[in-house]
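By letter and in written order, the chains are A, B, C and D; residue numbering begins at 1 in each of them.
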Amino acid sequence: ERGSDGQVNIIYWQAPSIMNPFLSGGTKDVEAASLVIEPLVRYNQDGVMVPYLAAEIPTVENGGVSEDLTTITWKIAPGLKWSDGSAFTSADVKFTADYCMDPEGGCAQVTKFEGVTSVEALDDLTVKVTFAKPTPFPYGPFVGGESPIIQAAQFADCMGAKAPECTEANFAPIGTGPFVVDEFKPNDVITLSANPNYRDPAKPAFAKVLFKGGGDATAAGRAVMETGEFDYAWNLQLAPEVIAQMESAGKGKPVAGFGPLVERIMLNNTNPDPALGPDERSVIRPHPFLGDPAVYKAMSLAIDRPLLVEIGYGKAGKVTCNWVPAPAAVNSDTFTCDKQDIAAANAMLEEAGYKDTNGDGVRETPDGIPMKILYQTSTNAVRQDFQALIKQWWSEIGIESELRNLSGSVFFGGDPGSPDTFQKFYADVEMYANTFNGTDPQSYLANGLCDKAPSPATQWQGENISRFCNEEFDKLHAELTTTAGAEARAEISKRLNDIIVGNGGMIPLVHRGRLSAHANSLGGVVLNVWDSEIWNAADWYRIK
Amino acid sequence: MLTFTIRRLILSVPTLLFISLVIFLLLELAPGDPMAQVPLTVPPEVKEKMREALGLGQPAPIRFWKWLVQFFWIEPQVLIDHYFGTTFSQGDLRVISWQTRSPVMDIVIQRMPQTLWVVGTAYVVAIFIALPIGIYSAYRQYSWFDQLGTFVSMVGFSVPPFFSGVLVIVIFSVQLGWFPSIYDTTHVVDSWDSFVHQLRQMIMPVMVLALQITAQLSRFMRASMLDNLNQDYVRTARAKGLSEYVVVMVHVLRNSMIPVVTVIALGIPAIFGGAIITEQVFKVNGIGQLLIGAIQANDLPMVQTLTFIFAILIVMFNLIADVLYGILDPRIRYD
Amino acid sequence: MTELSNPIPSKPPRSQWLDVWDQFKTHRGALLGGILFFLIVASVYLGPFLWDIDATHIDIRSRNQGPSLAHPFGTDQLGRDMMARMMAGGSTSVSVGLTAMALALVLGSFIGVVAGFFKRLDGPLMRLTDLFLALPLLPLLLVMMLLFREPLNAAFGPEQGIFILIVCAIGVTSWMPTARIVRGDVLAIKEREFVLAARSIGTSNSQLITRHILPNVLSPIMVSATLGIATAIITESSLSFLGLGFPPDFPTWGRLLFDATDYLQQHPERVFWPGIAISLTVLSVNYLGDGLRDALDPRIRGR
Amino acid sequence: MLDQPIAQIKGLRVEFQTKDGPVVGVENVSFDVNPGETVCVVGESGSGKSVSSLSLMRLVEFGGGEISAGELMFDRREGGVMDLAKAPGDMMKDIRGNEIGMIFQEPMTALNPVFTVGRQLTEGLRVHKDMNKAQAEARALELLREVRIPEPERRLTQYPHELSGGMRQRVVIAMAMACEPRLLIADEPTTALDVTIQAEILALMDRLKRETGTAVMFITHDMAVVAQMADRVVVMFRGNKVEEGTVEEIFENPQHDYTKALLAAVPKLGEMQGKAYPEPMKLMGVEGQRIEPIKGTDEVLLQVENLTTRFPVKGGLLRRTVANVHAVEDVSFKVFKGQTLSLVGESGCGKSTAGRSLLRLVEPLSGKVEFEGRDILGLNQRDLHKARLDMQMIFQDPFASLNPQMQLLDQVAEPLRNYGLASGSELQDRVANLFDRVQLPRSFMRRYPHEMSGGQRQRIAIARALALNPKLIVADEAVSALDVSVQAQVLNLMMELQADLGLSFLFISHDMAVVERVSHQVGVMYLGRIVELGPRARVFENPQHAYTQALMKAVPIADPHRRKSEKDLNFKPIPSPIHGLDYQPEPSQYLEVEPGHFVLTTDSGY
């Protein structure tokens, strides 16, 4: 029964700063907003689409998607109401698209609307989206937590440049979700209460939500599993040992789910030598030795991935040799890499002519360049442990590494003025994790295209961090963009994955899951990595 | 004294303007990008668009000028509007945070209560502990009490709060379960019970902070008392037949408090500035946490505004400390 | 009358430093502090010669061990020897503490003396102090990293480079209290008659400062110095907390303490070592400073 | 009960615990104080005078001392005689301030700077006499009237620093008298004050004693003051009582060597009558002393014309000068080679400023200072540096003018180093010679100032001034802070140097007797101007200016038969030397009453 279970306390150690996912894009903001505003369709815990505000999922079969793959027509479930009691109509959906596609608005989710030429409200409950070219996967707009529908009435005056001025709307959007915002304290705490107009009269079970942000993962885990002050803690990236200790306190338990997130070492395919000028450094010249298959294969072979998983992620990690390990359909099985073999790695290097000629324990390339590399990553306890371990393993195969860690805000920031961004890649290898939203990897795979390499010409923007460039890959990717049919698409995706991993784009390390924790008394939690993690908060209840 | 104050106030205007410029340039120079928080899944072109929407495309001098206008012209108007219901600021763009897209000042005001509650109480508690310790240590110099006081304050001074904070959480929240480990900023005190709850959630951060402040203040107090205990006027007071209590607690204390009061005044901006690490550890989410969050997110308007407010407070309290000195010590005249 | 007019019994003259040492010896706390500090410094700098496990050597099989003969302080989550790490961390922390303190002291004393001595510079310098008080440490550090890391790396190598950076950052942001205190004292001392007397015998400004002013403000400087070491060690650890300190394979006591707080419940000994090391250093330096201050002041020494 | 002494000190011994073991402050002292009588305790610095008095108040304990033997019998107002050495703390609290009042040495520091005069005055009354605030204030007002403080109502609300030294000392006296104690202990109440104020305070205490019948224990080292005040005298030397007797006995027939030496060392006004040139004092126990008049020459060494020095008073928003302190106003004089010119006058009249202006330690506003024909005021910094080679200064306070952190060797060597005149072993030798010159053992070279007595320190200051072989020494109250016996030695030393080296002195002092002893020429200053200038003998024997005459009268004379009474004195408070910017002082015009004897005819404000 709605509101019968009192209050549920959620803690996110990163605090939401806004409730409008179009203006932020941050996971914490998107997920906080998912309690209030909803898309037409969500992915469920298995990555399968389930209609939320839509009546059904449009496909070519049911006629919702046109044969030429250029339009998709959404039918909205009838009788839906906004939390303020007004009716939810196709106008709101159309407005949402206009809002995000406004060139001055700086919408964070504009990729969702990529290729969209028009959105029309055919009638109160029907919306038609037209794409510029055939789009085999037309489920970008209005699908998933990143693309929820906002109320036209509330945001009417907030288009474009005015978007940031609508503080009230951004902090307390009117939605169709299970809860409404009572108070929003940016970067601190949100209090919400049950939406009186929620479509299911029995839900949500909780009358109130306290959504606290800030602190650190340890404290969040402790608050759920050890002191029981909170019911749900998000993204506990902690040492397995610490998690185990917390769990043993008996107040809560961790749950893990696996999306496509992969911790990997990116190999710089260009030469980052500081002696080269800014226009050449990490731009043009090939790397003196990292491009050699013997080198990167040996480096990969020297790594004990199961140990990394055990030390760094425990339950929330799996060994992977792939760039795209999920969804399961696109997970390639070409490579195996769960065995460390220092001897084999040494032999491989030896054979390829990398020998320690001067006896300092570091090999030299045949041209006499010592195999010293700079290994950078962002500041984070697990990453630093990984760095230390891998440094030691690589030293055992005669590759010396200098470690550097950079503040995340600098490393992941795109400031073209900073030499420390991951895009600039002024290092030989760098380690971080990346993923994609939804279940379709097409645009993620585009990160391996030659022309996406960051360079001075592009203001160092571009996602092809390792500057990987392979004609075959580019061609295959072009094919993917025109292929429909899930199976065929998965097949191409696997091949793309194999090309990049097999040709020295990166060394995948760990397939990372999302580890969250909930109190033992909180029922109905289903961890979802394909959409907002708390997607089904409406179904949560208190175990009595 | 009045002219001294006014003169310093006038002088502080160019000082502050200069400080704001330095802060601005510093932040400009600092690497880091507001888009770092945005997930890697958002492509660079989109980020570029978002940057432009934040106004980052404009040249630095223009942005600085805009900020100056917003801070010194528009924000005061908003304040006036708020109190008198006028509409001077209608339609003017206030200083907007990049993270939350909301006026920075609103958030600052929102954060003030918990900061003042926790850091302020810690300061007050520290003063009330430190002064007696300092007084007694000086009066009984080299006694065991004095030695113990020195020892404890030095240890207190040397443990960083990220450690002492976690330690008390593990002991008092996890093991004993006495106090909550996470500060509830939405808690409203409206009854005795809720007051008790407020006390319970404040006690740990307050103690951790107070330990550090006490350590420093008690040293100051002790030194100052020692200076004064040997002065001639103390002998005069004794010769008048006053009791030891009056001699120490009235005559000596009053003189010793002069430097200590100014030290205390100089510490007050830190209260408003919050305690970055302690707030972080106990999730108090006050000004300190706001600042560190903004720095990590490269929310320049927020950082600029906060550090500038902080600068104003520092300049003002430096002035107040000087003026206090003149008020407390009748010998000092500034003209 | 000669016996009447010459009442002070003359002691044989002694060397100044012998006197200082004599006075220092009588201060029990100072002596203890000094010995302790010496031991800490010795074990931190010389220890690695006796204890030859490398602080960065990972022995993954023996991770998370408690104290044992092979690892007297236990091992960390990667199996690195805690004792070796404590020594390595100590040498960084103590060096940071000493050098950052020295830098802050030099800067603070210089600005304080100049501001107090030259009336015309007083206003500008004190406003400069305000400015530095108002500057946020973190962005400043980031800027310094940006501007100077590459050249410093090139000149001194990555470890020395970051060391210099951090020391400078801490030094540059912590000289202000010293400057304020020193200025106040200089203002008072400048009015003392011996300064005028020195001027009348032709002492130039710089000689006046070095011979007459500085020795007389030594005592507040000493106090700032002892507190400065402690503050520097703690600031460095806070920087680690905020992710801006030394690189991860560069242990410092602050970082060890911070890393260990997560394991507070599982391996309490791991927080204990760095915690006790920091506290002991701070304590010993404090007592040492007390003793030195007394010993350096001839008025106290004479008593 | 009248013949019963109020206080009897019997076999008092006080020890101090120091780091080098116990130090005996007072060894074995016994004496009585009878009702209505003034007992003066005299002795050089450090002889245990203060310690004895503090013991009687049981205040030595707070300074780390301990009464290790002896009895301190005190006749309480009611309740008979008791031994204060054994009295419990509570009882002492009742006695202090109530039955025994105490006046301390330093009026500048004896008052709590942060409380108003009124508050400090009423405190004791409220504790001991159970008065309420209004009553206590009324009584405080009465007390202030008794000690003749002008505008007493206003004073009550003022802070100590707002009062002049003399007024402060009166407040301290009022405070000590507040509860009408039976015994008043005055520990050098006038040593820090200048003649005119000293005269007033002494007269005041005398009157109070007569009016209230309080017994007074008066501690001093100034024999002239003793002669002025005492009924009976106790002489102390190094922690022991060496002599006791009525004032006449002591002055006319001293028994102990030390007493004799003390009396010999006191310069008496009028001693030099009839002598044209100054000559060294005859000191006890110094064999083969050369006592010859010092003639000097009449070559002009330094000529000062129309020297004016003003200090700006800043105020207002922009710190503009709103007024000036006219510290030195149109002053002219000459100093001859090998001779001494003395400047005398009350505190604050501009003597020091005049002296400092000559060396440009403060920058004069206008005028001309010609030293051996060179215009000092026109020199640039480098030439000034050179010029200072010939002009040196000795400062008033030997405690303040030496750097406490520097060894004496370095302090004396500093001028030589500054001018690069010597280095290495030559430097050592020269410093050693200077030590010999001022009669200090060479073993003192490694000492610090605090290890020296006041007199020894002043010798160091002299040695330092001599280091550069100057032609002129400005001695700014060089002996004012010293004990009489030491003062005599230093004066003799200075005169000896003058005779030997042909030095010239500009001798600044407020002590008329000393000035009479040492000077060839005397200038009397008042409010920044020289009101009278002439040969010493003429100025002292035939004072013309009204101010000079008043000053002469104030000097106490070390002769118990020539006491002064309060009505002899009529001092007007000095007008303020601060004037607005538009104030144009008249130029100084002098009348030559006798050859070389000038008297100011311009209005000087007196």
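Throughout what follows, a contact is a pair of C-beta atoms (placed from the backbone, for glycine too) under 8 Å apart; a residue touches a chain by one contact, two chains touch by 3 or more.
Heads up on the chains, UniProt names are B, C = ABC transporter permease; D = Glutathione import ATP-binding protein GsiA.
This is a predicted model, so every value here is computed, not measured.
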Chain at maximum distance from subunit A, centres defined as averaged CA atoms: D
Rounded Å distance, subunit B (ABC transporter permease) centre to subunit C (ABC transporter permease) centre (Cα mean): 25
For subunit C (ABC transporter permease) paired with subunit D, centre-to-centre distance based on mean C-alpha positions, whole Å: 46
Centre-of-Cα separation between subunit D and subunit B (ABC transporter permease), whole angstrom: 51
Chain centre separation in whole Å, for subunit D relative to subunit A (CA means): 86
Residues of subunit B (ABC transporter permease) engaged with two or more neighbouring chains: 31-32, 166, 174, 295
Multi-partner residues of subunit A (each touching 2 or more other chains): 218, 407-408, 410, 418-420
Multi-chain contact residues (two or more partners), subunit C (ABC transporter permease): 142, 145-146, 265
Touching chain combinations (by label order): A-B, A-C, B-C, B-D, C-D
Complex contact set, residues of subunit D against subunit C (ABC transporter permease): 18-20, 44, 46, 237-238, 257-258, 261, 283-286, 356, 359, 361, 385, 388-389, 392-393, 395-397, 400-407, 410, 414-415, 418-419, 441, 443-448, 450-453, 456, 461, 464-465, 467-468, 485-486, 489
Residue ranges of subunit A in contact with subunit B (ABC transporter permease) within the complex: 11, 15, 17-18, 20, 23-27, 103-111, 161, 163-165, 167, 170-171, 183, 185-189, 191, 210, 212-216, 218-219, 222-223, 226-227, 229-230, 249, 407-415, 417-421, 423, 432, 434-437, 443-444, 454, 458-459, 461-463
Of all residues in subunit B (ABC transporter permease), those that touch subunit C (ABC transporter permease) in their complex: 11, 15, 18-19, 22-23, 26-27, 29-32, 147, 150-151, 154-155, 157-160, 162-163, 166-167, 170, 174, 276-277, 291-292, 295, 303, 307-308, 310-311, 314-315, 318
Contact footprint of subunit B (ABC transporter permease) on subunit C (ABC transporter permease) as seen in their complex: 29, 123, 127, 130-131, 133-136, 138-140, 142-143, 145-147, 227, 230, 233-234, 237-238, 241-242, 254, 257-258, 261, 264-265, 271, 275, 278-279, 281-283, 286
Complex interface listing, subunit C (ABC transporter permease) residues touching subunit D: 1-2, 4-5, 7-8, 10, 12-16, 26, 192-194, 196-204, 207, 211-212, 215-216, 218, 297-299, 302-303
